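Paired with subunit B in one complex and with subunit C in the other, subunit A is shared by the two complexes that follow.
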Partner chain A sequence: MKNKGLSLVEITISMAIMIIVMLPAFLTFSSGNQNIQMTESEFRAHSAALELMEQTISLPFDMLKAGFYSEEEIKNGAKFADTDAMYHLSFDDDYKLSMNIEDIIKNNRIYFKKVSVTVKYPLTKNSNQMKNFNIKVIINNDNI
Partner chain B sequence: MTLKQCNHNRGFTIMIALIIGTVLLVLSVVLYTFVSRQYTGMHIIVNGEIAHFLAETGINTTIGTIRERIGNNLNSGTKAFEKLKDIFLNSKSLDNICINDILGDSWNSELKKFSSEVDKTASIEVNVYLKDFKPIETNPGVWCDSKAVNGWLVIESVGEYKGSERKIKIKRAMNVFNMVPGVMSKFTLYLNNCTKKNENDYNLIRNDYKGMITDGPQPLIIYNHATPEYPVEPGNIADILREEKESDVWKHRGWIWLKGNKTRLNLCSGAGDLGEIFHFYDVSNPNVFTPVRFATPVQSLPDSFFKPITLPWDKSNESVKNTPYRFWHSFILDSFHDRSKRMQNEAMYEGDVLSAKERNYYGAKSSVLHLFGDARQGYQSRTRVIGPVYSAFVRFANLEVKPEEAEVKEIFENQDPKPIYLLRSIPEESYNNSLDIKDFMWRRVGGPLLKIGMLFKRYEEYANLMSCIVEMPYVESYNTMQDVYDKKVNRTFPTIKKVLNMDNEGESLISRDNNVFYKGKPAIEDSIKIIRQRVQDVVTRPADFWKKYLNENGELELNNVVVIENTAREEFIIPPVGSPQPLVVKGGGIILLEKGNISLRGISLADTSEILTVATEDDCRIRFESTMTNMVDIIAPNAEIDYGSKFELFGSLCAKTIYADHRFQGGVIRYRAAQDPTKSSYDKFYKILIAKKDSYWNE
Partner chain C sequence: MIISNKRAFTLVEILVASGVSVIFLGMVITLFMGFSRTFSSGEGSAVLMQECALFVARLRNDMNNGVKTTDGNFITLDENQIMFNVYDSEEGKVKPVIYTAVPQANGYYNMTRRIANGSAHNIVKGKISSFSWNLMEESIPTGATPIKRISLELNLKMGTSDFKNKSFDFKTTIYPVRANKMQ
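Entry: the complex of A and B
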């Protein structure tokens, strides 16, 4: 009977080993989970930016009006364009879109427009920490 | 050993803890690595997209900049445009030529500057090439222009962002061709059917002795030589006159083709405002008119002209003397120029120079077509006219009487002015051998009493030599004029020298250097064919056209070849209603209207390197509704030029026919010499057109 069962010492040592090993493991899991959430957020921000950018640059050049457009202006009927076309923006309210359209003028004619789309998004879900994603493109006036 | 057995061993729990811990540790490391790689992978995707947009920015800005630099086509004449045009017009091979230099040396660094707005690591690099250019207008039977090519503008753009790189390569169709409308650009006037109605309803007009219009339709005046491109380009009249000395000057001037049945091109005096036209004057001094005398060949004269004839001459009331005379005969071609004192209609027929029969036939009319060589008096028109066109001239028969006796000869020589006996014409039924021969001033020939029967035994002999109107193919009259200009002595009628062969709708050759542009029988349809080949854009209605191609100032910036379908047959009014007149053309091109009538209210080219053509195949009406100048080529094989305002056209007018009745107000057509393919000035009308859309792109 002497050798049977677990001694308190053994249990204590085992728990210590488990704690020492599990702590970084759990921390790693937590960090991985956060990274996954960040990846998801950035990817969604990137997709939101692309969605708006692609729909904007596919409009006829002359329809695009220069100016800064906030999230609300963009979602409420595409005020940045001289058109009734509504844009299909499929992302959550957490993703704050804004857009800037700038005319590039040469010889009194608008040759190009510079379109910048910015997405402000939470670093992770339910996080208060915000991050910006930005893409820019210059489009050409094919009417010239 | 079973688990139960193990449980009995000391240290078992520690072992289990170590194993579980190790597994968890390995799993967590694997998970971390996986998540990190996923994160990195996502960034590669995102960065790649940004790099893609950078590359796309490179493509977009490059296309726009190429358009701007080559002046596509607002400022043709820019350095880059000239450089690129030089490549197209003078390069032996157009394959794989890098044209980065037309974007400027600093172009890629400018792009880098833009990309730094995105990120420090971002960059864009662009290379532009011309590839696979092939000639497109290769048939000399329609139009052959070795400089007209199409191929690809290839732009390679590489965008880089945080280590991610995207390469986009696009091909855009590029066309290079001349905006001049093919073979018709060589013609000032080309009419498919001059005699649509009746020969006498067309081209006829009354004018007085000064060439001024008295009634009826107004003249269509045609200048075939170069005239200043007023108000754009000042010209020098001395240069124009200098050309007159060249015997082949007709090659460099606008041609005229009057198709249909026989067309009479009566040539009339234009000593007034209309200038001098087709007159047979010695041009040694343009301000002194000298009718041209053509000797009648001896073999054409009756026998009685070969030996002296003794005739009684009344020296005085008391003295009658038989005197020998010798007779010679010549023609004086004076056209319709009249020197009588009558200033009304038919002034030129005073004195029965023409028989009543001839007068009834021809009337006191000359042509509505006045072909000008120059507005100055005394200069001939040097125009090539093709088609069954006949010129009508008044031919004065001149009987020269030379007395054999010195005494009588002296009396004759002392006459001032010298006796010129221009013979009258008489109706056939009035002829008999006992008639006196009198000149058109009713003077008896030579002073002596002369019975006609002494010279002409039959009416036919007389008819051959008497005054009348003669008609001859235009080309013969042209040759005659050339003889006059060359101051050829001993001219006989008709002329000996043939400058041009008889040209009756025959084959024409239009060439320059080694390029044969056209060989064949010119037809308006050929110009239409070549225009259709060049079409780059189609719009539905005239309103769509104006919306697309008028700029904010109401000026036309076409720079294209456009079809207007116009199935509703709306009238195509140039400029559109509500726009300032005339229409200012900042960028020329070709408009092909499929259906509907055309109204012209004035067109002005902003630059001498621009040209505008309006073409239609429709059986329609073209009307000039303003007296303003229309700087345009009209190519309309089935259209009738309707009556409207008196008009001025600077270019080529090619149509089916011209409406000609009393409502026709006439006008002036000035040939635009710069558009002549045989001249180097033709090259300035080449345009380089880049397609609006990519043909394909890839990454």
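Entry: the complex of A and C
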């Protein structure tokens, strides 16, 4: 009986099969790490939105002028609307903030204002893929 | 006498087979080590980020419910402690809340939170490598009387002796909305 060894083709095929089987296990590590980075971006975006929301609604009701405030207007040190209140933003320029303030009027009186803050942020650090995070708050007119 | 026709492996065949196996296993182990290192580093970040998020969320929530004292002050702070009053809606009472950074023997800090005379609870256990908090006060001119807007600037550097090469830096400013409305 003549015993034949494994040919190179057989070895290559078996190695390829092993790689295909093991690759998902390795990719699990990689995708887990990417998920952690995504969570970090989400946490920072969430904090950036809260920071802008809190400083805006800390101002008196009458100072909150209705309108859309674009990411070009909302910069650290820039003035909010036509007031002397300045934006204080702790997060870097990757986190682009915009805001909309809407008057809720009944019988010609502004009873509430709806403040919406949107953060556009990269999915992970240095990623080109962007994601949006949005929070809304309704504040009541203390003067009524 | 029976003579077997079976031939054993030659030294060259064994060496070649061993060589191929070593190269293949080497590749697999290197890949695994690389992925594993990245994963444990990521896991370290996740733990630090989670603790940071819990602390910031708790502080932010307390500050948003913070109220000024009768003399118009909101917060007293020193290097390792901040104290302010919060409105407890369940009991309808105002209570002092105290955050204290407690240095540990390994150089890291615990962050504790205590309400009134209650016991202090650890919010972060030994995972703060350095921090600073500063009270900011702005005076915004509006017609006759300027308004005051106060905020707490928080700088955190999270780290732990378990993940020595890993750190998580976080900076934010917290505005106590309720207290700011009390002009």
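Please note the rule applied: the second predicted complex is superposed on the first by the 114 of 144 C-alpha atoms of A that agree within 3 Å, B and C clash if a C-alpha of one lies under 4 Å from a C-alpha of the other, contacts with A are read in each partner's own complex, and residues count from 1 in each chain.
In this section, contacts are C-beta pairs under 8 Å (C-beta built on N, C-alpha and C of every residue); 3 or more make two chains touch, one makes a residue touch a chain.
Worth saying up front: this structure is predicted, and the values here are computed from it rather than measured.
Q: Does subunit B (first) or subunit C (second) touch A:I11, or do both, or does neither?
A: After superposing on A, A:I11 lies in contact with both subunit B and subunit C.
Q: Based on the superposed arrangement, let me know which partner A:G32 touches: subunit B (first), subunit C (second), both, or neither?
A: Touch partners of A:G32: subunit B and subunit C.
Q: Where does A:S90 make contact in the superposed view: on subunit B (first), on subunit C (second), on both, or on neither?
A: The answer is second: A:S90 touches subunit C but not subunit B.
Q: After the superposition on A, what does A:D142 contact: first (subunit B), second (subunit C), both or neither?
A: both
Q: Which of the two partners, first being subunit B and second being subunit C, lies in contact with A:N126: first, second, both, or neither?
A: neither
Q: Figure out whether A:M22 sits in contact with subunit B (first) or subunit C (second), or with both, or with neither.
A: Touch partners of A:M22: subunit B and subunit C.
Q: Give one of first, second, both or neither to describe whether A:L50 is in contact with subunit B, with subunit C, with both, or with none.
A: After superposing on A, A:L50 lies in contact with both subunit B and subunit C.
Q: Using the superposition described at the top, determine whether subunit B or subunit C touches more residues of subunit A.
A: B
Q: Quick check on my understanding: which residues of subunit A belong to both its subunit B contact set and its subunit C contact set?
A: Dual-contact residues (subunit A): 3, 11, 15, 22, 26, 29, 32-33, 36, 39, 43, 50, 142.
Q: Write out the stretch or stretches of subunit A touching subunit B in their complex.
A: On the subunit A side, the touching residues are 3-4, 6-7, 10-11, 13-15, 17-18, 20-22, 24-26, 28-29, 31-33, 35-36, 38-39, 42-43, 46, 50, 53, 106-107, 111-112, 133-142, 144.
Q: Of all residues in subunit B, which touch subunit A in the complex?
A: Going by the criterion above, the answer is residues 8-14, 16-18, 20-22, 24-25, 27-29, 31-32, 34-36, 38-39, 42-43, 45-46, 49-50, 53-54, 56-57, 60-61, 63-65, 67-68, 72, 74, 114, 117-118, 692-693.
Q: List the residues on subunit C that touch subunit A in their complex, please.
A: Counting only subunit C, the residues touching subunit A are 5-7, 13, 20, 24, 28, 31-32, 35-36, 38-39, 41-43, 45-46, 49, 53, 56, 60, 64, 136, 138, 140-142, 147, 149, 151, 153, 170-177, 180-181, 183.
Q: Going by the contact rule at the top, pick out the subunit A residues touching subunit C in the complex.
A: 1-3, 5, 11, 15, 22, 26, 29-30, 32-33, 36-37, 39-40, 43-44, 47, 50-51, 54-55, 57-60, 63, 83-86, 88, 90-91, 142
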